[in-house]
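The chains carry the letters A, B and C, assigned in the order they are written, with residues numbered from 1 in each.
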Amino acid sequence: MTIVSFLDYASVLVFAITGALVASRAQLDLVGFAFIASLTALGGGTIRDLLLDRNPIFWIANPTYLGVAAAASLVIFFTAHLFESRMRALIWLDSFALAVAVAAGVGVAISLEQSTTIVILMGMITGCMGGLMRDVVVGDVPVVLKQGELYVTAAFAGAATATVAKVYGLETPLALLACAAATWILRAGSLAFGWNLPVYRSTPPKS
Amino acid sequence: MTIVSFLDYASVLVFAITGALVASRAQLDLVGFAFIASLTALGGGTIRDLLLDRNPIFWIANPTYLGVAAAASLVIFFTAHLFESRMRALIWLDSFALAVAVAAGVGVAISLEQSTTIVILMGMITGCMGGLMRDVVVGDVPVVLKQGELYVTAAFAGAATATVAKVYGLETPLALLACAAATWILRAGSLAFGWNLPVYRSTPPKS
Amino acid sequence: MTIVSFLDYASVLVFAITGALVASRAQLDLVGFAFIASLTALGGGTIRDLLLDRNPIFWIANPTYLGVAAAASLVIFFTAHLFESRMRALIWLDSFALAVAVAAGVGVAISLEQSTTIVILMGMITGCMGGLMRDVVVGDVPVVLKQGELYVTAAFAGAATATVAKVYGLETPLALLACAAATWILRAGSLAFGWNLPVYRSTPPKS
């Protein structure tokens, strides 16, 4: 198994769990769990593959990804009540999924020899779009819009870390690990310690 | 006309009517009716075609589909007030559209010789995604998330029925009819008699 | 620079500003500004390119578009407070972006020798989808659904103007200018003078 497919599997697994936790809050049945879990887990990578004209899409080429999402749904359907706080679990699991998905997106774009700009963007898209679709479909405020938290910014910094690491001669697997680590540390620091960037603030608009 | 294109036309027609009914609730003009109707009617099949790299997309290959959606919009623009309950009409029409769209998606995937897993998924995607986009765009709770109703589950069961029927040697047209019938019966039974699968229930989360 | 790429740049620039203004209302950080700005600015053209199987996508072929969106985000991050009314600025800027984006979409479809129906639709999709995604992601009522305003209708009329102009022998650049002008005049007339088409009205539904 290559490092990219390991990252892909890991992000599918963890994002699927977050999707299933959202489905548990909406009190869906088992197929509903699998639907939201798959949308979350496969959404970002699917958009990446469509944009890069990667054919076939990764989960059509290898339906094992679907099995992973379905298995995660099944387990969460019967165990979601064990989480002391599902919302807290969701947010922290989402941070891990974000980190590995950004790295997976970066890895795919590097393997397709895309430019640095596109590599960084594909990391951000792979990391952020699945969770964004999950939140939009269930009507939550998208996690990418949470004020004063690093999310898209963490994805951007992580993806940029990978490209800098490549410039300094790191092998791709190490660059991807650095990418996942940087993304997660920034996201986790934002959740745990309130790390953030200055946000736009203004006096209230006049109309 | 093949069975698959018949199913495609039927699902486009009926989904377009549901989209136009939603547009009537939002009090749009005629072009707005056609826009929401087309998004609903063509959305699921478009995502299917993009994912399967089917080129050109079905309604670019054959713009008659657009004419069907536009004609449905025109008729509903002038007749929506005749429905005694537009919401009730919408839900029941949506059940027919779901059933034929699932069968159409399954039919396309079978014709492209996809694996069983992908055939089932393409049925679900073709059936569910148009209505999902309709509901998300207008800000309704997506019908796929209605608690205690069979919707995605009906699509899954219908698509699975088609693949089982194929294994037992049924011709594709009959398998697709079985698919549409199974999907509709489950969805209609859910609406009329409250059929459902056990949903996730828990004590309220602690935070 | 061709007329189509000029229109593409202009629509990316102005839509990016609208996205950044929306990001300022959500009080995001600079990367959040760039994210929403890019989604808005590149979303419609991306869907157009995916549907037409244009490969690579315009902003992958030419990442300058991303630079334009990022630069617009940076400027708006520091200047949004200067707008007397950000909401008013947003709506009027959106009208310019709509007009040039419709023309850009029409231009691309003409250059790919699509049929008249598809040319018109690609204009509408390029013009409307970026703003639609912006509004759905941030939870606003999509501008395409504003009751009694010309929006999708303006896009449709503008795109139709271009195809009629072509039939009467106008060169493509002039036809595209006519398209942008017609779209903008209708949208601006709707905003300034309340121009609209009859909307669907009914007695309240019985249930």
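Following the convention adopted for this analysis, contacts are C-beta pairs under 8 Å (C-beta built on N, C-alpha and C of every residue); 3 or more make two chains touch, one makes a residue touch a chain.
Since the model is a prediction, treat every value here as computed from it, not as a measurement.
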item: Chain-level touch network, classified as line, ring, star, complete or other; value: complete
item: Type of subunit A:subunit C copy interface by residue overlap (half), same or different; value: different
item: Between subunit A and subunit C, centroid-to-centroid distance (C-alpha), Å; value: 28
item: Two or more partner chains touched - positions in subunit B; value: 50, 136
item: Subunit B residues touching subunit C - in the complex, by the definition given at the top; value: 23-33, 35, 46, 50, 55-57, 60, 63, 66, 77, 80-81, 83-88, 136-139
item: Subunit A contact footprint on subunit B (complex, rising order); value: 50-53, 114-115, 117-118, 121, 124, 128, 132, 136, 141-142, 144-145, 147-148, 150, 152-153, 156, 196-203, 205-207
